[in-house]
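Heads up, the next two complexes both have chain A, just with different partners, chain B and then chain C.
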Partner chain A sequence: MRTGTKQRVLTLLLLFFLVFSSLNAATYTGQEVMSEVYNRDSGDTMKANLIMSLTNSRGSIRERSIVQYRKDSEGIERKLMFFLAPSDVRNTSFLSFSYEDGRGDDQYIYLPALKRVKRIASDSKNDSFMGSDFTYDDMGTRHPDLDTHTYLRTETIDGYSVLVIESVPKDTAEYMRTLSWVVEGEWFGLKKEFYLPNGKLGKTLTIDTFSQIDDIWVITDMTMRNLEKNTSTRIQMDEVSFDLEIEDSFFSERQMKIGTRG
Partner chain B sequence: MNKKTSLLLLLLISVVLAPPLFAGEGLFSGMVRDYASLRFEAGDIAVHEQTVDVKYEYFGDIGRLYIHPTLYSNPNEPLLFDLKEAYFDFYFSNIDLRVGKQTIIWGEAEGAFITDIVSPRDMRSFILADFSEIRKAVPAVKMDLYLDSYTLEAIWVTHFIPSSLPDQDSIWAQQPNLSLPPTVTDVVINNPTPVSSALENSELFLSLGHFSNALNWKLNGGYTWTDEPLVAGITIAPPTATIDQGYERYFFFGGSMNTSIGSTVVRFESALAIDKPMNAFNPPQVSVEKHHQVQSLIGFDWNLFGAQYSIQYLLTYTHDHHDNLLVQMKPIQEFAHTLTFRVQDTYFDDKLTAKIFAYVETVPLNALIRPSLSYSLSDGVLIEGGFELFVGDEDGMFGSYQKNTMAWAAIRWYF
Partner chain C sequence: MKFFTTLAKRPFLVLALILALTVVFVLSIAQNASLETDLNEYMPKTHPAFIASDEAENLFGIKDAILLVVEHPQSIYNTETLSKIEAITFALEQEFSEIETGGVTSLATADNIKSDDGFLEVQSFYEGLVEREEDLAQLKQEIESNSMIWGRNVSKDGTATLIIAELKEHTDSKALQAKLETWIQQWEGPERILVAGRPIVEASLAQLGPRDMAIMFPLVIITMIILLYLLLRSIRDTILNMIIVLFGTLLSFGAMTLFGVPIYAVDTMIPVMLIAIGVAYGIHMHNTIHYLMQEEANLSRKELAEKTLKQMTKPIIMTALTTAIGFLALMSSEVLPVRYFGLFAALGVLGEMVLALLLFPASIHLLGKPSYHHRGGVKNADQNSKSFARTQRLLVDHPLMIVIVSLSILLLGIWGTSMVWIDTSFLANFEKSSPIVQTDQLVNTKFGGTSTLNIILSSEHEGTMKEPKVLMAMESMQAELEAEAVVGNTLSLATFIKQMNLVMEENEEGKFSIPDSQELISQYLLLYEFSGDPKSLEKVVDYTYRAANITVQVKSDSSAVLSQLIDLIDSYRPFFASQGIEIGFAGSGYKAFVFSELLLEGQIISLIISFGIIVLLLALLFKNLWVGIIGIVPIALTAVVNFAVMGFLGIPLSSATALITSIAIGIGVDYAIHFLEHYANVRLEGMSGREASSDTFVHTGRAIVFNAIAVMGGFAILLFSVFPPNRQVGALIVLNMATSAIGTLTILVVLVKYLDRKGKFFPKSVNATKY
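So, the complex of A and B:
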């Protein structure tokens, strides 16, 4: 084949690929993509060890070590976290119930020094989680109906076809819009940007490591950077396991007091 | 430290250190603290105390061993050793059993004691000790039975342990509010007669709780002793009056609950003390009378702009009240109203915590206001400071300590 013909064929192939790709991507709406993300298989139960590294604006790093258990059933996401380090919060535990029907969360904290489980006010979804750059909202899965989602474009990151979705909160929120980079077909995020009401970029979430464990995609290393405060929080997960036999009764006052070993 | 204390300490260290040498999982944790306070009026350093608080947990297949010794060092005083807690936990499928010296906390109130009367209080520093340190452990057997979302708790306190009160030479000593004949110029208050260790003198408590998120509740009851002593009699031999003290028994029933209304947590707690013994002062004699007493508290907790807020209202009602009734040698009101307020916020990525906690008695108007700051120098290392401001009418519980208004500072190192 002559060089000119070769170029024409390649151009046609490329055009065909681009057109096909955009048609294929265009079959998704933003709402559909974020619903897929919300509904993707994340296991009915999960246990993981979390190391949270908080870096302040001067570069000093503090670490938090947590064991987390999660169970999703009957429209309720139950989470029980045991704090192992640092020493001043050791044996503190945190229990939360999040409801699919939109009810406010129920949250409890066990402070070993006080030997009492205390119900805590839970309107703090935008509050920092343990002084980190993650909010309670970031740590959970935000219901897609809370935002209006728009598909923007398709990109390729590390060989993955990634859909870029813009989400605008329906009610007032800390961030006026977010951009999510979602892996097509697998429905987990690779990157997220949070934009402030003045239009500036406020926070970025980057995913450094992800892997498939028990056929479920898990993000095992991610970093949230707060560009306003010049701080960052890295969360690393290990010993992740899914679909363990965990009774509903595990997510209880009793277990909060006993800790991980009971 | 005397020989007995040294031996006890040595034995304890052996017990704590021995298990990890051969098997199982042991975990040490604890805290070292240096605390000092400066009274404004007297200009003295009222306290400069070092505390070593050690916790050791040993986990086995069937349960847990927990030992919690504490050492206190004060200038020119002997080293004080306290075995705060020492117990065994046994975990079965639906039952937990705890045997040994243990602290038991009931109720929903913060800084008030309504149904929370299983463990007595250490009032030697009035109520300024940390909430975690103000409770005294009791020798007890506690069993929790779990049936779905219900918990039945039964507690047998084998020996009655009274509250610890300030010594008569302490800055926290309360002066008796008794009108004695003018010929009496000296009052001697004898230590309370101890309750013997007879089986019938043990205490029993029972609780049924339900955990359901929508509404969590507990019903409690018990047959207990007055944790603080009553005046058993006054002997007047001018110029001296001698006051004898003792403890009395009574039944109580109560309950507590918590729920959320919107994003606000609502807490409620109430207790009825049946025929609660209290003193009646008919000069020059003091007698023990029995009156029903109701204590009820409602509290609200909420967040606003990242800060935590809490308010509580406590009502104490004494049935068949008359003006001669006394508790701890102070007059009792028919209706006593107390409010508490707490505001807490964190700054600099949670490194700095600012907090104000206040108790307010409405009649007579007096208060304790406790602003404080806590800064995390590093993980587990806290530097703290604050004020204990006693204000208002000197006939009130808090106002009577106006001369003890103080500033304090502390450093804690958790390990």
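So, the complex of A and C:
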């Protein structure tokens, strides 16, 4: 009888635990997941080489090689990029400041053949990132508060538990709905789909390789395909390093003219 | 001949056959006839120029576009007009499925790149309401300082702007035009909204031509019926004549629909030709019957029918064959509709031939010998013959005069012919006062021009188009083109680079130029890709900078103008070749140009072929090359006079007018054949040369003159057409019938006499009495 009670309590406990843990898995709200993604540690500073391959609808490819420096501090994300190739645009540089408080970005470009820095006015984050199929938003700076997020389901991809989140922009936007596949616990995305107002799929982002560098997950190969225009952009990353000593003053017009270090 | 005599004895069978075939053709036409209005379907798609053009159109997204002009009596720089431009731009794209998505360009969609104090901005000129005076003034100033917009999309006087809508392929521009005409009304006032552009002109043309023909044609037929009755004085023969020509037309179109061939615009000329030709067969049959009845009043029905056929089978078959061969020569054309035209017109001619040979004898069997009522009875007819005989004597007695007159006409003709210019223009087909021409002129004065020529540069090597010397050559070619009064403006990668340089150099004096550093050009392009509108760049250069597209706005759609511009562009070939660059052309304006050249070339070739074949045929038929040569003298004269009149009156040689020349030849040779055949027959029957000449003149001359009067009278109606090209058709047919008839009855008479006297008319094997 006692053992019977004990067993019953154990069973109940076990049941309770199981129910609780399954509830626990589902307790992520879409909002929470996307905040985790936004706040994921991506290092305070970073340096990487980017190879950007743009393919147009006729299958022609343009390849650009860029070295990129990034520093996040005091609510400002600073980025400085130098073109390495093609050779006729070598040393062309691009500087940007994004502000967490929602101010518009500040962007500068330096053309070495003109020897002048120009400030670029950009009115929208939906603008294409360097003429590619990525927008500035896609490059990872869209604030989660701009959309309403809903958790849809959990899937398993390549052994990872992946949360599928639906995001609907609060303002009017080119894509009225996006679906993100986010790796649970690691908070990086594996895949994203962008839907047009007519319900059709407009763009897809696929992640082909990713790896952990200095304990930070880095996507080293991703491709954005624009299904409407039949174009695509692939970004590959290598020589990634984090937490370097980079002064704020490095992100300056002066440095743009000097060129990349090392 | 046996076939015709036997069949003609069973008139009911003949009637039943004709009726049955008529039913088949009418049903087939009613069920399957479809008018092909898509001009692309006319083009020889495998021609290298078309393949290259299609490729370039694909590469640079070159599309046919309609132009909407928004014109304000004072100035477009006011709140309401600017909002209206924006509203129309978006409504066009949303409400018309014929328009490409993202294919509408206007002031509301254009990007403005500007740079002040180191600040580079890429923005729309305006969005939403522009209300404040200073904003309006600033907008005006910005537009006027942007050479990519000012004078192109906005008129320099600030009163008008263009909205350009690119059309999807295979758009039914006729339907779209009709829809647009009512649609724009809602936007009018105080602004005027006008629709222009090549697709609209083509659509109007495709509608106007056949519609006008449909009105004019019954009038032509009625006039001809009246004339035929007055000339032939026989209801029966008039009806038979009309049955022949209408059946020929029916056969032609019936066969076309039975074989599933669509009806093309050129085919509107088929009835014109078949009537002119068919009436000749009927009149010659009538004439022979009439002649036989006068000569031998006591012939029985059977004898009359048989005798008629005996005399006429050979010349009618000969004339029909030469004409049909002339048409079949058109099958050498590279243009599909022209090939079909030749084939089915030839079929119609052969049908008319069979019918002429069957119907007249069959009518004698069925209805008895015809009775011809002449006003004033036999006396009048005699007088008629007498006046013909008098004329003949006058001619034969003054051969030198005839030769001199002919020679001077020939010389004058050659001089006039040298003034003929080749031109095909869609717009030239409209009255100067028509709204379509007026709108076109408005666009041409206020903007770059309604017609477009695309120059395509292509190289094997990536990046060639970014080289400064290549861009500078582009620029100087553009400058030379723009110096031509007919060229409104030009747009190319060089224009983009110049504008970019000006902006980046902060509008410094003299910086609207190509920098001589390849790096700087590449960096500008990179910057443009970043921040500008890459779509507009894709229209001037391909992704790998191997190929470039230079758009030339032309204020005329005349092929003569285009050909002149192409000559100018060709002078740049050596330089570009030294850079490994080839020059090509693209766009529907260019394709229409190549098309009309091909059409014309084909027709001229087929004219020459026809001449050759006719000489050969005549030589074979009369077993004498000399006869072949003199036989084509009247038609050669007709062709020269035809071209000379075109030269003097400034009627350009186009595919339509070239076709008329081939009718002239077809009919002219028929006259010659009838004349020569009759002459040879009566000579062999024992008449002297002088008697034979007189007899032929009276007999055949009458038929020729009747034929000419009936056809000329009928087609003279076309001179009252509202559609200028149809008027030209009418005028040239009247002219050609007259020259052919007069030529045959003057110079041919003299030449035959001369040849026969020299003993060269008949081959040695033939025993004819001495002249």
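Basically, the second predicted complex is superposed on the first by the 235 of 262 C-alpha atoms of A that agree within 3 Å, B and C clash if a C-alpha of one lies under 4 Å from a C-alpha of the other, contacts with A are read in each partner's own complex, and residues count from 1 in each chain.
Assume a contact is a pair of C-beta atoms (placed from the backbone, for glycine too) under 8 Å apart; a residue touches a chain by one contact, two chains touch by 3 or more.
All of these numbers come straight from a predicted model, not from anything done at the bench.
S.K.: Are chain B and chain C a fit on chain A, or do they clash, once the structures share the same frame?
M.R.: Here chain B and chain C cannot both sit on chain A without a clash.
S.K.: Of the partners chain B and chain C, which touch A:Met176 in the superposed model: first, second, both, neither?
M.R.: neither
S.K.: Per the overlay, which chain contacts more chain A residues, chain B or chain C?
M.R.: Counting contacted residues of chain A, the larger count belongs to B.
S.K.: With both complexes overlaid on chain A, does A:Gly131 touch chain B (first), chain C (second), both or neither?
M.R.: both
S.K.: So, A:Leu201: does it touch chain B (first), chain C (second), both, or neither?
M.R.: It touches nothing on chain B or chain C.
S.K.: Taking the superposition as given, does A:Ile120 touch the first partner, chain B, the second, chain C, both, or neither?
M.R.: both
S.K.: Looking at A:Ile109 after the superposition, I want to know if it touches chain B, chain C, both of them or none. Which is it: first, second, both, neither?
M.R.: second
S.K.: For A:Pro86, is the partner it touches chain B (first), chain C (second), both, or none of the two (neither)?
M.R.: both
S.K.: Can A:Arg58 be said to touch chain B (first), chain C (second), both, or neither?
M.R.: Second partner only.
S.K.: Stretches 204-212, 330-338 or 384-392 of chain B: which one clashes with chain C?
M.R.: After superposing on chain A, the stretch of chain B hitting chain C is 384-392.
S.K.: Quick check on the output: what are the common chain A residues between the chain B footprint and the chain C footprint?
M.R.: 56, 62, 86, 88, 113-114, 116, 119-123, 127-128, 130-131
S.K.: Which stretch or stretches of chain A touch chain C in the complex?
M.R.: 56, 58, 60, 62, 83, 86, 88-89, 92, 94, 109, 111-114, 116-123, 127-128, 130-131
S.K.: Looking at the complex, which residues from chain B come into contact with chain A?
M.R.: 25, 29, 31, 59, 64, 89, 91, 96, 103-105, 130-132, 144, 146, 148, 151, 211, 213, 216, 258-260, 262-265, 267, 301-303, 306, 308, 346, 349-351, 376, 378-380, 382, 412, 414-415
S.K.: In the complex of these two chains, what residues of chain C are touching chain A?
M.R.: So the residues of chain C in touch with chain A come to 59, 115, 118-123, 463, 466, 504, 515, 517-520, 522-524, 526-527, 529-531, 534, 542-544.
S.K.: Which positions of chain A touch chain B when the two form their complex?
M.R.: Contacts found on chain A: 54, 56, 62-63, 85-88, 90-91, 97, 104, 106, 113-116, 119-124, 127-128, 130-131, 231, 249, 252-254, 258, 261-262.
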